[in-house]
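Once you scroll down, you'll see the structures, which are given as structure tokens.
Two complexes are shown next, each including subunit A; its partner changes from subunit B in the first to subunit C in the second.
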Partner chain A sequence: MRKLNYFFGTLMGLTLLLFGCKPGGDGSGNGALASSAAEKVYVAPGEQDEFYAFLSGGYSGNLTVYGLPSGRMFKEIPVFSQFPTSGYGYSEETKPMLNTSHGFIPWDDLHHPDISQTNGELDGRWIFVNGNNTPRIARISLSTFETEEIIEIPNSAGNHSSAFITENTEYVIAGTRFAVPVPQRDMPINEYKGNFKGALSFISVNPEDGRLDLKFQVMMPGFNYDLSHPGRGKSHGWHFFSTYNTEEANSLMEVNSSQNDKDFIAAINWKKIEEFVNNGGGTKMATNYAHNVYNEETHTGTSTMVKEVLTVDPTEVPGAVFFLPTPKSPHGCDVDPSGEYIIGAGKLSADLTVHSFTKMLEAIEAEKFDGEAYGIPILKFEDVMAGVVKSGGLGPLHTEFDSSGNAYTTFFISSEVVKWKLETWEVVDRKPTFYSVGHLMIPGGNSRKPFGKYVVAMNKITKDRYLPTGPEMEHSAQIYDISGEKMELIYDFPTHGEPHYAAGCPADLLRANSKKIYRLDENKHPYAVTSPDQARVERNGNEVHIYMSTIRSHFTPDNIEGVKVGDKVYFHITNHEQDFDVPHGFSMLGQNTSEILVMPGQTKTSVWEPKQVGVWPFYCTDFCSALHQEMQGYVRVSPANANIDLSWSLGE
Partner chain B sequence: MKINFAILCFLISLFLVSCGGKQEKKSDGFSVDRTKSTEQTEATTPETNEVPASERITLDNKGVGQIKNLPLDPEINMEMVEAGGALFKTNCTACHKIDKRFIGPSPTGILKRRSPEWIMNMILDPQLMVEQDRCAKDLLVEFNGAAMANQNITVEEARSILEYFRTLE
Partner chain C sequence: MKKASFLMMIGPLFLLGLYFFPLWNIMLGAPQYPEPLGMNIHIDGIQGVNEFDIQNIDGLNHYIGMKTLPKSEDMWEFSTFPLIIGGMVALGVLVGLLGYFKILSPNWFVGWFILMSILGVLGMYDFNAWMVDYGTNLDPNAIMKLANPDGTPMTYKPPLFGHVKMLNFDVTSLPSSGAWMMFTGMMLTVLAFLLGRKTWKSKPKQAKLQTMKVKVKK
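== the complex of A and B ==
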């Protein structure tokens, strides 16, 4: 009996030991390895990271900026969501940025960042992102790290195969995930098949200032266009979209969209279509979408409604669009640095399908078609396939590349990153992720010139990786050193929102261009005051405009009288600091909006509609100096019928 | 028990007294009979207790910073004065008034108290000056800890502002 107990005890102990080790058994099991991993990610106080990483925020609607390899978060850039931290979407200047054909929308689901390129290499001018829910594309300046432009995409729904840019930033490309009636109309849902359309939008980018223009939309059959990537090098001028639901099911998609053994990768020769529209091709269609532009000199966004879009029926442009059969509802659709290989990740499969661009051109040349779908030729799977990666994993999603001919694919179901070789298609390494990895990112991994030092895996499930914080955990990201033959997990950090894709680049590409202040003498805001003697208060009916300046540590003016209940008070605040990183904030008691944070040399406007008589304080929300607490002031609010003249002062 | 009752009564009476006073009388504020002094602690003891830093004459002190030697032309350059005046208005008047002491000292007559080099260095890098220059440090204390802002002024611009100061007698 005692022996038996001893036996069970030992067994239990061993079992516990085994289970207990598991969470830590992720490749850094022994001390020597662990310490070298620490050295690889440690960025000492005062030192700076080697790479910038821009992680999408998913349902936060924003973009987050991190350093690699430290995993330190530097900034959250508001894009599609109101952001009280800076007042974005709350200030009068930035509200127009969130205007759409559906009115003001304070949120979206931000998915895929892509950095601008020149000759297929990252150039660090802008980063583009997509809003998935109410289809939009945004352009963010990588000098100010602010959202400069948002364009709504008409005829699109679930703007998911976006925002990917061509190798000279000619276009930012946005495809619809959900097929919808075009134009939108009242019709039975179950008449989807053959009637709904999938719009693929080509938005040109002005090479000088980055201004966006929705040049044309290709009206494809009503499949779901899931992800996409541009051709590069030899395949420059083409763009590739993965599709699912070629069944055109409209209900219980989980089952009904997975019936076909193969869906397609759609290959679009956009240069050919561009030529077609430049020669007057395409059909103008009435529509309504918002185009919002932020002006860096006036610090103000304006929203314009556009009423027309040019559409292209792909069957009218022979030789421009083809379907490449690809097994099992492909999700990721990635193109290697040479532009030769197009990788389709059949998400319900264990294998990856690699198509050859050269073989595709040969098959098109020989007109070896395997039928057609809605007039679009389908190429034969065997004719375009270059190879299959027998991964041994489950649920492949996305692939990125290093500069030595290796590809790295995430596997959602089997929670791992698999490294394999282009052309031999052999798997050379695999490492677990924690847990259920979605996208991954190698800086420049979606360009001709990847910087193959680290890969960042962005996971969907965190569970036991960090101290528990209730049912909701921030998603985990993991950094692997990929400089050697084998990948090494070196760091694990929490992200914000849900990072889908990310983009990264060497720090040196952006560091020198990062703006430090807005010059006061370049401030063209119509309500700016460029010297304190211009500070004043003006009444126009029940609108009161307060032209206010700030510097450490006072507002000019700081005592204001003559405001009445029922007035609409605009505080136009110009920050007169000209020193890096000295913003001032502003908030007013009882204001039905957020504070604003005004950068040096910038002007921002905050609205207050006082409802109660009294003397109400305002203050600076950003700890700006030793006398920050004293940075405050009062507005006297009198009854609506009071006879009190406007007056304002400072230090009198 | 009785004692407790007595204490309770006492407390209630205190409460009544404090609440029942005539508070309606307009208050002129309160004053505390003490002289405001920030010169008590050792770390901030100025060079001399007699003359405040703003009135001290330190023409031999060139300050700390990139401007080491700056001889002035006897003739005042009016073009520079104009440019300097405009720069001063935009970048400085939030804290410095010509006619009075404000957040910081008035620049009027500053060339009688400070060397051209000191003035330039103070405009170009106030943080370095406050860290390393005694007079700048004492001024910060005298002016209530309101640190002078670095307005990202170029050397050329600072030189114009200095020229403008020469006209403020």
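== the complex of A and C ==
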């Protein structure tokens, strides 16, 4: 009996121990929470993500493609920066894409992507991005995921309130952040005030092929046009720009352009200006800018210099431009899905100012103006304001929207995302970001139809989020699940370059249209060879043109003789594969340029100027097949005065 | 016999499907081909399941020294088979028609079926012989010369029917829609025979019965 008691006693003790584990297990309760977050972002091997996310690369000059919710990076699309990985900006075909009125520029600062829309909804045809430093707008195809067009913006500087599209992709809009003399001229900097101009550019988009055309520029007073967004729905036809430095200071800007209690949001009725222009309005002005177009059939970019631009003085189009006073140097200028509310994020304050489009129209109708600036009517703050969001945060920057009437605003200084309700202006939730968030992105969050499942917060400061990698680190981003009332942080991942804004869309919008190969029978490159028996070498003075083809696993030809020191050798390489994901690469020993990657069916050209006599090898840089290592060849380089005829062969 | 003859006329018409749909299908899947390459064997030639599959299969096969897949003009079969099928369809319909007018007995129906079956087996035999040649008659200078565990040179004959693992490829060979239509059509002719035989035999009996009845009445 005693033994039995011991037995039960021990059993009870064990039970206590077991249950005793439970409170201690609360730590693992957090673990359980974390594991549910893990489930939300886990995309099993072989599975695909729910959304595409296009994150700007900032100073990388390129655009990166990610999946949501996994945060996996799929591709870096070279846009404004040379990209030795593929030869973009190095190959003869793509060098023209980086031409500007200042000559070839190997880099830019890419900030704001925007996906094309039809009726205010994402249509997934193209994505537009801005080059901030040397003002340019690029159009990227969402079937090839390659840059197809880059247009330089004259009279602009710090192309920051760009590239935002109207709700039927009628225009890509590009505003200047830095006011400059127009036309550019030699003048004292301190005569800025009243003399510099702020050009807002309206670039039309051809609905068939996406081709860009700088239709007109509105020459605004010399403020700093910081960010912008299009009106949509009821406010379609208007575009809204935030401004700072309405003080028109030209030095120690951080102090001198922060003096006015209020700057402006500029409301532009572009439909009215379009009509004015279509009726012959505006002034043609001599200028010089580059327009670079990539042709998918010739696989070649061409750069054309344009010499004229149509400018519009806003005071000549009554009722087209108004200023909405907005406190504290507004940065973000965002429009809700209905088009009624325009949110100005006064970056030096705690509060958000929300303007009402309807009230704005009423005030304009009643001509209730509070003076003017350079002939442009200023509306009364109280007349246009719909509400103020008392956020409790500091340094509001950007706002995106879900489809249930909520807005999400980033706060740089207090490092958080704040969720609040449209119309009641009450704060619903707030979550910290790590650290100092800039933009945020909800797929479709800048359209009439947001997909409010995730928000991605893109931060400016990384510090301790990942394993340290020296002083320079990639930036961090966080993904929050916003399907519930409260936001939930579910993932944290490093991004490439410095993402500013981003754009996202459901995977199904693009997946089926993504090209697998270029058709060889549609290749119209002037130096293409569509069959290996056309492969040859031709000399034209000191230029040697090698018409070369590739297929697993050889180059045709792979032995070339008769090249001389001082020649300029063009390797025109056509990839004859018609199989998905079988690129071939090419590189030549001692070549003063990058490799090229040639996609199936494509032709690319790499230049080599041999300086030394010898037999020099080239090889395929993309591990294309089991015999990839053998995919190699030789070029014999003879002295400049040698008497050796060109010859070429394969397998002889 | 009307119904049977009608079936006998319909059945061979199913073979016309062979002009539009593939007879056989061979799919080649591999780790790096999650979307498998495939060829459809039609009576008049071989086509890729996807546009560039033939080119890509040839590209891969060159490593192991296999010949490129034959074009329509490279094999007499691809010009002869359509004629044979056309002839058999015409013959079958004719037999059915003559059956309808009671000129031919249902035995002709099964006769057509047996002839078609023999031609089918011969066709399969020929197809298999081509595959043996295609899979074993390899370029002596092939890039990859692989051996079986017993030391004999590895060959690459695709299966006539079913699945085989060949190096990194899963090769599946099965009759395709054209063959299934042919099979259905041939079964209809068998049905026509069975049905026809029943009514063909019972008809004379019925006649006898009637005459008997007449006798009784008298």
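As a convention for this text, the second predicted complex is superposed on the first by the 623 of 652 C-alpha atoms of A that agree within 3 Å, B and C clash if a C-alpha of one lies under 4 Å from a C-alpha of the other, contacts with A are read in each partner's own complex, and residues count from 1 in each chain.
Just so we're on the same page, contacts are C-beta pairs under 8 Å (C-beta built on N, C-alpha and C of every residue); 3 or more make two chains touch, one makes a residue touch a chain.
Just so it is clear, the structure is predicted and the values come from calculations on it, not from any experiment.
When both complexes are overlaid on subunit A, subunit B and subunit C end up clashing with each other. Once chain A of one complex is fitted onto chain A of the other, the partner contacts of A:551 extend to both subunit B and subunit C. In the superposed model, A:44 makes contact with neither subunit B nor subunit C.
In the overlay built on the shared chain, the residue A:467 is in contact with neither subunit B nor subunit C. Of the two partner chains placed around the shared chain by superposition, neither subunit B nor subunit C is touched by A:189.
After overlaying the two complexes on the shared chain, residue contacts for A:512 are found with neither subunit B nor subunit C. In the superposed three-chain model, the partner touching more residues of subunit A is B, compared with the other of subunit B and subunit C.
Shared-chain residue A:286: touches no atom of subunit B or subunit C.
Of the two partner chains placed around the shared chain by superposition, subunit B is the only one that A:533 touches, whereas subunit C remains out of contact. Shared interface residues of subunit A (contacting subunit B in one complex, subunit C in the other): 517, 551-552, 577-580, 626-627.
Subunit A meets subunit C in the complex at residues 517, 551-552, 577-580, 626-627.
Of all residues in subunit C, those touching subunit A in their complex are 35, 51-52, 55-56, 59, 63, 143-144.
By the touch rule above, subunit A contacts subunit B in their complex via residues 517, 520-521, 530-533, 549-554, 556, 576-580, 582, 625-627, 651. Residues of subunit B that touch subunit A in their complex: 89-91, 93-95, 102-103, 144-147, 149-153.
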